[in-house]
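In what comes next, subunit A is part of two complexes: it sits with subunit B in the first one and with subunit C in the second one.
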Partner chain A sequence: MPITPIALAAGVLGGLGVLFGLLLTFASKTFAVPVDERFVLVREAVAGANCGACGYPGCDSYAQAVVKGEAAIDLCTPGGKKTLDALAQIMGQEAKETAVQVARVLCQGETGVVKPRYEYTGPKTCHTAVGLAGGPSMCRWGCVGYGDCVRVCRFNAMKIENGIVVIDEDACTACGLCVKECPRSVIKLLPKAARVTVRCQNAATPREARDACTKACIACKRCEKACQFDAIHVVNNCAIIDPAKCTLCGECVKVCPTKCIEQLA
Partner chain B sequence: MEFTLTNFLLFMVNCVLANNFIFSRYLGACPFLGVSSKVETAAGMGIAVTFVMGIASLVTYIIYHYLLVPLQLNYLITISFILVIAALVQFVEMFMKKGMPALYNALGIYLPLITTNCAVLGVTILNINDGHNLLWSVLNGVFGALGFLLAIVLMAGARERLESSNIPKAFKGFPISLIIAGLMSVAFLGFAGLGNI
Partner chain C sequence: MKFSFKGGIHPLKEMHEGKGASRHQPIRDLVPETVSIPMDMHIGAPSAPCVQKGDRVLLGQVIATPVGGIGIPVHASVSGEVTGIEVRQLLNKQPSTCINITNDKLDEWAPLHPLGGVETAPADRIIQQVKDAGICGMGGACFPTHIKMSPPADKPVDTVILNGAECETFLTADHQLLLEQPGLVVDGLRAIMRGMGVTRGIIAIEDNKMDAVKAVREAAQGREGVSVAVLRTKYPQGGEKQLIEAITKRQVPSGGLPCDVGVAVFNVGTAAAVAEAVSLGKPLISRVTTVTGAVNKPSNLRLRIGTSFQAAIDEAGGTSEEPGKVFAGGSMTGIAAPNTGVSVTKANNGVVVLGQKDAVTPEPTPCIRCGRCVSACPAKLNPQRLKELCDMGNLAGAKKEHVMECIICASCSYVCPAKLELSPTFKEAKEKITARRI
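Right after this comes the complex of A and B.
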């Protein structure tokens, strides 16, 4: 059997293959669509938790928006200062120092501090508990302590202690997932520098508040009088501090009869 | 076959309805079942197939008549056409990405799928077997693909309705889709012989 037909067939097919290979190589060079290399860098610099704190569906879409110049570079709170500096360098912008925020629980209603309303035996989730006859504790504003927030936290910054959630400030990245999850809205994002906090947010009448919880704000306004900087005011039956005016002098903490104002170290 | 308006129209009816790729030739059933859950994606797939089948008919005609026939390598038709179609689809994808971003965004994700669509290989080989010339080959490709587009869009419409209907558990998903495809095929049998030239 002559070898020529086989060689011819192999040659033609191989030739076609090589030809198409070359054509495609050439095409991939000629028609290459440049991908912005900053996207890769930005994507590496952000925290990568896909938490959505920036308001975009995920880290990819945020990085895309940053590269396009549509998004500010300081939206990735979980990444903190490190991410901000990196993004500033990549995008050639100045890193504006934004106030570092942290999640704080505006409640001190531990077991024994707040009176129970009834014995709750249902599923151990806050969302279910608060839906049953106003919640298991007498206070309708406080933490119920079943840890829905702990379950959504991706940074291991929260735990339940003594019937109330405790946040580890060092681990908290202020992503805001717990804030969204809490059915009582008892977790708030506050500036980390604001060390004096009113750890209560009840809006009940002073009498009800006093009956329900020993550490409730009873709207006595002593803190208002003690403050020389006009920083603390009783609004809607509860004291609230304006972090911009507060000088952390601690006068309000001293006069509070129920110890609902706390000064952190 | 002479190119006249009558021939052209008859040929179109024949390709789209009577010799429909899905319902009477049973080619391209994989994307027909796989990409037919939404009308929009089905239409996107159909248009991409039309595009590729037209170009593939053109290129394979040239390869066959100007390369394989002179060298008496007719038996290499299948393997060389597979090679040509795969390379062609890749090339078209790259070209569209650069030159026609709008079209690429509309069809881009379907193009790689078409590489393995047997309707494309089918039409190119049928062109050769039926002895079409260049013009009729390209028309056969385009009209055949239009038949595919019609079939897949009809199927997607039916499947969208199925979403909200109460189907026995055993038939949910693919079983009922296959039954519908069979019923449609029977319906298209009514066109058999129509438009034969």
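Right after this comes the complex of A and C.
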């Protein structure tokens, strides 16, 4: 086979390649859109999960807003302190220390703890289950356990165990996607330092709560009396702790008859 | 000519849509020992109870007054003593306040205020009379009828359609009502037409009920502007938008209401209630409900509002096998009841008991892209694509693909060979889109 056609083809294509290469180089130099070099840095510093916790559609939009000075630098919760420090340095602002938050499940209604209302056989999503006669368990405030939150979590921080969602505190970045997804609003963002939590949020009368679940808050107010710091109060049939006043002494945990207050290690 | 629409399915065709057992069973009255009447049967804010524990109430007495713009009053469906007002979990998402009344079996009526014959009653007072009678759509949605009868001024209605299609599986209540009281239904249509100032009224019936067509045609002889339309038997022929398209060839616009194309649709049961409210002054205290499925004596019962499902099932001879699921409504669009203690509401057109082997939810398998759901969808959507989008959590994308047009008829789920949970997914997506304003 003669070498000429091959050389010709290679020459033409190679020539075209060089030509277009030059054209593109010229175009990119001439028509270049000036990008704030800080944008690239900011985009690299944020977590990059596109979770939307900052309130912007994705990391790109947030980075742009930060560079333009429209957004605060402490909105990227998944990035944590590392991102905050980096952004502070890039933007020349001071990084204010913010309390690290974490998602907590305000329910201990595992299988066997909360009484079932009926046997649910429909689609395995919390949203559908809740729509059917107030949900398959007697408690209308607790975790349904079909894992709508697990499906939206971008950080692999949640799993369903024994009919209730369990959050891995180390993996959780407090992005808040699960909080928005939960049809019962049973997941709340709380300061990570608040190690004493009331893991119940029922608003039923004490008797109803007792009938429905063995670990429900029955509004007995023993914790209120035990607390010396005025940090825990029964509001709307359920105890609530004010993290600002709580000293983690654990007196309320000791007196709670239903063990609905929990002290984490 | 038989009217119909594009798409749709023929559920349980080999067993006559499941209607064989209760078809042509004469309507029997059930007088319950006690009733527990929920306050939020209708769409709109729950009514506020205006009686107290220990009061003696008369049949048809107002026991709860309307709250808000589209509320309706609730009436006592038996005479007797109010034994309690309690909060109970019914089929709804939220628990509802219920008024419990023990029946003294005297059926002593509260004073009635009839307007006069349906042809002679003052037309401008009919809508108020309908509201005072606590009438709401009895086909299943329970939308207050007086609101439907007062469309906005810029959307004049020229046609009233009475929906007697009863395409839903298992149910025969409307069929039996049309057979036994065709005159009352036609009277109700005339009252609605006069109240709304409309000259054209059509009673739509599927062609599996030709005896009802004959009865209604006879009853409608010589009545002004009333005609009967025969529809092809197909599910969901009774869907509001499908019915309008089949009969008038008008398409309700996306996101619109029937009044956008000049039509108002009412259930035949609603029409009968309107007729009784206008000519006799009787409020809505009972309705015809089919109790069928795995019961010993499938029947069409006239149930007082607030009767428990258990009492209805007992009247139908009790369950014939261990029940797996009990549906409020037919098996396609009905809602599974959490227990048989729940009350019959104004919208409850059926109590269907399924045995344990029939109530099994099949395990879904992956989609094979056969396209059956696309040809079955009466709203002309692509359920397969919508399911993909919803599963990915892309609700905005699903909305762009018109998931909001889904009428949740479950035709797609019925035909799906992979047994995918299509229509529950769309229901969930619609609720989320509405709640989050996506």
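Details
Assume the second predicted complex is superposed on the first by the 232 of 265 C-alpha atoms of A that agree within 3 Å, B and C clash if a C-alpha of one lies under 4 Å from a C-alpha of the other, contacts with A are read in each partner's own complex, and residues count from 1 in each chain.
Going forward, a residue touches a chain if its C-beta (ideal position, glycine included) is under 8 Å from a C-beta of that chain, and two chains touch if they have at least 3 such contacts.
Quick caveat, the model's predicted, so the values are computed rather than measured.
Look at A:V33: by the touch rule set out above, it reaches subunit B but stays clear of subunit C.
Of the two partner chains, subunit B is the only one that A:L24 touches; subunit C does not reach it. Of the two partner chains placed around the shared chain by superposition, subunit C is the only one that A:P123 touches, whereas subunit B remains out of contact.
Looking at the shared chain after the overlay, A:L8 reaches subunit B, while subunit C stays out of its contact range. Taken together, the two complexes place no residue of subunit A in contact with both subunit B and subunit C.
Of all residues in subunit A, those touching subunit C in their complex are 117-118, 121-123, 125, 127-128, 130-134, 140, 151-152.
Contacts from subunit B toward subunit A in the complex involve residues 63, 67-68, 71, 73, 76, 79-80, 83-84, 87, 90-91, 94-95, 97-99. On the subunit A side of its complex with subunit B, the touching residues are 8-9, 12-13, 16-17, 20, 23-24, 27-28, 30-33. For subunit C in complex with subunit A, the residues that touch the partner chain are 89-95, 325, 335-339, 342, 359-361, 393, 421, 424-425, 427-428, 431-432.
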